[in-house]
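Have a look at these structures, which come just after this line.
In the two complexes below, chain A is the common chain; its partner is chain B in one and chain C in the other.
Take a look at the complex of A and B:
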């Protein structure tokens, strides 16, 4: 038994250390001397970074709240044409990362863009450019991020509606409330913890967002970190900005945890779940509901998809210029390697937690999953900072050759940082799978003469198989969309769909960005389709 | 080597570093005996079973089965090496196997070693679970799950079977029937069994010995008749909730006196010197009803129990006394009525503290 204990302990310890490194690095760098830029930037840009990040955050939160709870409410409580389709189609918006949404917005509304072409084909030549609204700058970034992230709010809110033990609408009617009054008096408050949890996720992602914000040239804390690294080559300053961003995120993290504690309590009433009759809407109202959902589905998914498709067809030479096969191979390589490592370690520490019931182990796991809250940019920069420091002060001191090449600009480094970023996804996924197996199931197995190994292989693994599959797909989805970490740490000449799209777009070759973007959307959508049932926590009676 | 089949000697039972029970000792003399442990919820009954099964360790005392020490402060045999079966109170079926496969897993360990005394069909019939064999654990009710795990434990034909509240989720209407069947099968298979329950009737019916666990201790361990009629402490009386204690003065070798009921005669199970003040146990079936008696008390409550009524009577000194009356008794007494008690009062056993 002791031998096993050591294995879990070591793996949990290792993971915790991985996660602590970036946080620690950011913290220590805060007290380091930086180049002269710091004073200059502190007085000028820092305020701008913070203001922009805040503006972005507030508006994205408002929009995602409105769209997310609105669609969840309509889909959960009413029947109208295609409501069962929208139920899962709305989460397809996850397949379009904010930066690709940003490319689509620009491609459509820019001067002589797609909107212009449509108008020209409809009404003949004309000076339409003046009259076509421009969605760029801050507005563009807000819209791109909102339409890409609102599904977090949708999924959690809908789940909370589903698990209500009573039909809240009927309850409202019984109390003599109007529909609107029961919405904000009963339904909304009842889902409050879920909504807050969803919004916190949106907030963390928004603060971490890099691609779209960079595309619209808005200076936020995230782009500030990236730029001070790439333009000024000032790691210390990058880490200083990271410190501010981490403060923000820490506050959000606390908020989210506080609200999730409630949400958990809230969702616990499993046995009380009954499939509730949905309310049939009158004809006009059902059209209204349909229009609302369709609009959201169209704007968040169909619009960027068709825009990218249109450009791919319009400029087919881009399709042939690109080696899709290599991109696909690279993406799959990253995905399978990362998934394997992630699953292996999270299985180990989950199993360790379960069997040893050790408090230290439990604490380490809690610590280990905090990597999710740290923006990719910070993780990547902090990782480079740490390796550079380690190389300078320890490896060289001991007289070994530099290890920089092994970790920076290598697949190993990339996978390591992915690991930190997505560990919580894998860990929590397996944890919730394990929570469904009563601990007495293990004990029964021992009493039937099963060894610990046999219990793990014959009982746990088959039971967790579905969870594992689901986790692999979620990880893949995240890695396919991931931009900053890949961009900063990828080996020379190693491209994925995301980086190819980003590079073309940043070189003002939006048409060329369309092909990889289209493939990215298609692959991500197919993954979402496979897992939509899990994501929506559908209950099969 | 002790000659008892199973023996718990001076064990402190602990769970999660907290001592639940202190210095517990009891024995099962013969292979095939069934004993029951009774106690309120949370007292540590489950901890006893878990410890015997090897899921918890001990650091004081010893647990021996068939002359082999399973657990002590020095020895510890892993649960998978004990051949002890524990049917958990909650659903411990393997969620990814059907009920049938779950039950069959129970037979795996002893497939070759033991002759088959019972086949699957017999157990399935006995516990009436044929209709759920092809279902998965999440598709069946809590009571069905309990019967399925009972079946899994039974087919394992373990050296020692531990049942934790085995019928707590089974419907009341079905419970008695299952109890009868369970008793029959345990007898037939001669499986030594420890049953934990908070239902005293279940314990009295199934066990050849009963242990009462209260306040971190095993208070009484005796055959059911003795536990019921001769509780050895006030705490056991209160726990079994079978009667009340009234003050009385011993007036002779076979008699005592209470200010409300007057003279009471019977056989003391423990002798007291004449003149001593004692607490006398009055159980519902001790007093007899007699409409013509001149000893009349006020009815404050009446419980209908199917075959009988239990009247609660108030004495002049505000004591509440339960009296059992057969349902066929022609006259029903309402609350606030006067209720006659037959005199002279004679008790089969006089239990005093």
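Take a look at the complex of A and C:
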């Protein structure tokens, strides 16, 4: 019995230590000497990074809020043409990572880009470039990130709207409110915790964003850390920037936690509500709702998809240059291996928390989910720095052979860092699944003579099956889209769709990036399609 | 303890198996299809397997530095002498690229014994023949890009771009830091827009009438003219002409794609063989016809697209050692940032 407890304890401890290492590494500057370049300019840089991150964050939050809650509202409360289609189709925007959205924006709007071609074909030769708006720089980054991430807000807000059901609208009617007023005064405030939770996910991803921001060469805190660390070997400055970034993230964490606390309060109320039919919109209004949803669906999904498709057809030679099967194999290999490891350890850890009720264990779990807040680029570099330091100052000192090759540039290293980054997804997912299994179920099992292990295998795992499936899909989507960690840590001759797309794009070969980008979108979409009903249901439960 | 030693044993087997295979490991920041084709040619010819890790130069460099003596990297191949020079300054490269074959092929301006140019490019000025007169252009130098007559007419990439860093580093080498700082301020005040986009985007800005002159590398125009970027860009490229600056003094700013020999390279001999292979006329022709760079060696002609549209008779700057690009890089960034060059 005692030994069994220890197994949970030790695995939780290991996970926590492992996740804390990169954070620790970022904050300790004894690994490297720092440079004293541009001492005078650093404050200017710092202000620029903070300003850019803030601008990016604020506008992305505004746009994702408007689109996310807007679509969720329309889809949850009203019927209009294709509303059941949009219910899940809107989630497809998840399949397009911000960096691929950025390529599409550039391809379409640049001088002599796709927009120019369309105008030329429609109206003949002309000087259209001046009249085509340019979506690059900060504006491009804001749009790319917003359209790729708003689904977080949509999914969570929609789930919360479903609890509220029509009763709130009726309440509004009874009070003599207009539709807009009841939305603004009643529906929105009651969904606030869900909206805040969605927005804080968006915010964390925005702060961690690398691909699109790098593509438009915007200096944010994340790219700033990357540059000062990588380009200038200036770890002290990187740490200073990291400090500000972590401040941001800490604030977000707090917000998100507060909103969760409120969410529980709301959950208890829902049994009092009854589900009612959705309201049928008048003709004009239903057209309006349709147009809005279609526009969002078009801009977030169809637009990047068709742009990539168009390029693939226009430059077909790129299709044959690529070994799609190998890329697919590599992508799926990473996805399945990481999902397996992540699920295994989060199950162990969650179960440990459940049976031991140890405060230490609980604290460690909370610590170990912080990896999600740290940008992938920084995790990857911190990992390399740490392994190098550990190898030089401990392994070699003890007379062992270097361990660097085992961890750096290997699948093992890659999966380990994915683990740190995505552990919170798996851990929280299973945790929320566990919360639905009443503790009395365990007690009944023990009464029936089940051992702890048997309770876990025969009762918990089947109960959790649906949550597990949901988590696998989430992790898979993240890993299919993941860029910086894969880019920095992958082994020789190992490419995924994401790395191939990124590398072509960074070499000014956007057309060649189209093929892997297209496949990435298609594969991620198929993951979403297969499980869309499930994603929507899981959150609702 | 027993377990640890078994682990170490397995680890060491793993490592040694890695080191003794007949292969060469390239940390590759140049991602042209043409390069990959050359590497497979090399494998067919010599039986040496080429392992690639593709990535952005910064991340690759960081990995080489962190792996230190144990790095599996043999060669680091990247565009821009500034990057190879900076790696050298960090002490991560070793000598050895000094075989007779290499020395005979590559002029000394374009190599050290730790890194060697494998293809050349020039950073030049593109102009709109409709809006820029011959008189305005006559005698144009990089230095004169700061002339107020170009106010609101110039486009160039961001200061974070390595090609710009190397260009400015060469100006610092030739004119000193103080003069270059003044120059950078002039350039910034002449810009037609806040820097955005890649080199090709600068050329297209001139074609589209957003600016009158642009600074960009030579191979981009040929790439657009080749039709590989589509009919629209081909047509756009024809609206733009190339001009080679500094013809009356030191010559046009040259840069290279370089191969650097990493310190502790496990397959040093194979690495040197590969570099020699890349410098053969056959490989050089492959480069020039696919990436539209200039050949590193004599006796190979650039792509006809380059020869016909950019011309071949221009004076290259053979005086400024490319090693100075890496050395003056920090100063270049400082100068540009201080001038408000985004």
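Assume the second predicted complex is superposed on the first by the 510 of 541 C-alpha atoms of A that agree within 3 Å, B and C clash if a C-alpha of one lies under 4 Å from a C-alpha of the other, contacts with A are read in each partner's own complex, and residues count from 1 in each chain.
In this section, a residue touches a chain if its C-beta (ideal position, glycine included) is under 8 Å from a C-beta of that chain, and two chains touch if they have at least 3 such contacts.
On a predicted model such as this, the values are computed, not experimentally measured, just so you know.
Contacts of A:432 after superposition on the shared chain: neither chain B nor chain C is touched.
In the superposition on chain A, A:323 contacts neither chain B nor chain C.
After overlaying the two complexes on the shared chain, residue contacts for A:84 are found with neither chain B nor chain C. By the touch criterion stated above, A:131 is placed in contact with neither chain B nor chain C. Residue by residue along chain A, chain B and chain C are tallied for touches, and C comes out ahead. In the superposition on chain A, no contact is made by A:360 with either chain B or chain C. Once the two complexes are laid over each other on the shared chain, residue contacts for A:291 go to neither chain B nor chain C.
Taken in their complex, chain C has these residues touching chain A: 4-5, 8, 11-12, 14-15, 18, 25, 30-33, 51-56, 58-59, 61-63, 66-68, 70, 72, 90, 158, 160, 194, 196-201, 204-205, 207-210, 220, 228-230, 232-233, 235-236, 330, 333-334, 337-338. Only residues 50, 53-55, 78-86, 88, 90-96, 105-106, 108-109, 149, 152, 156 of chain B touch chain A when the two sit together in their complex. Touching chain C in their complex are the following residues of chain A: 37-38, 41, 44-45, 106, 110-113, 116-117, 120, 127, 129-130, 134, 136-137, 216-217, 219, 226-227, 229-233, 314-315, 321, 381, 384-385, 387-388, 391-392, 400-406, 408-409, 487-488, 490-493, 495, 499, 503-504, 506-509, 511-512.
On chain A, the positions that touch chain B within their shared complex are 436-438, 440-441, 443-451, 459, 462-463.
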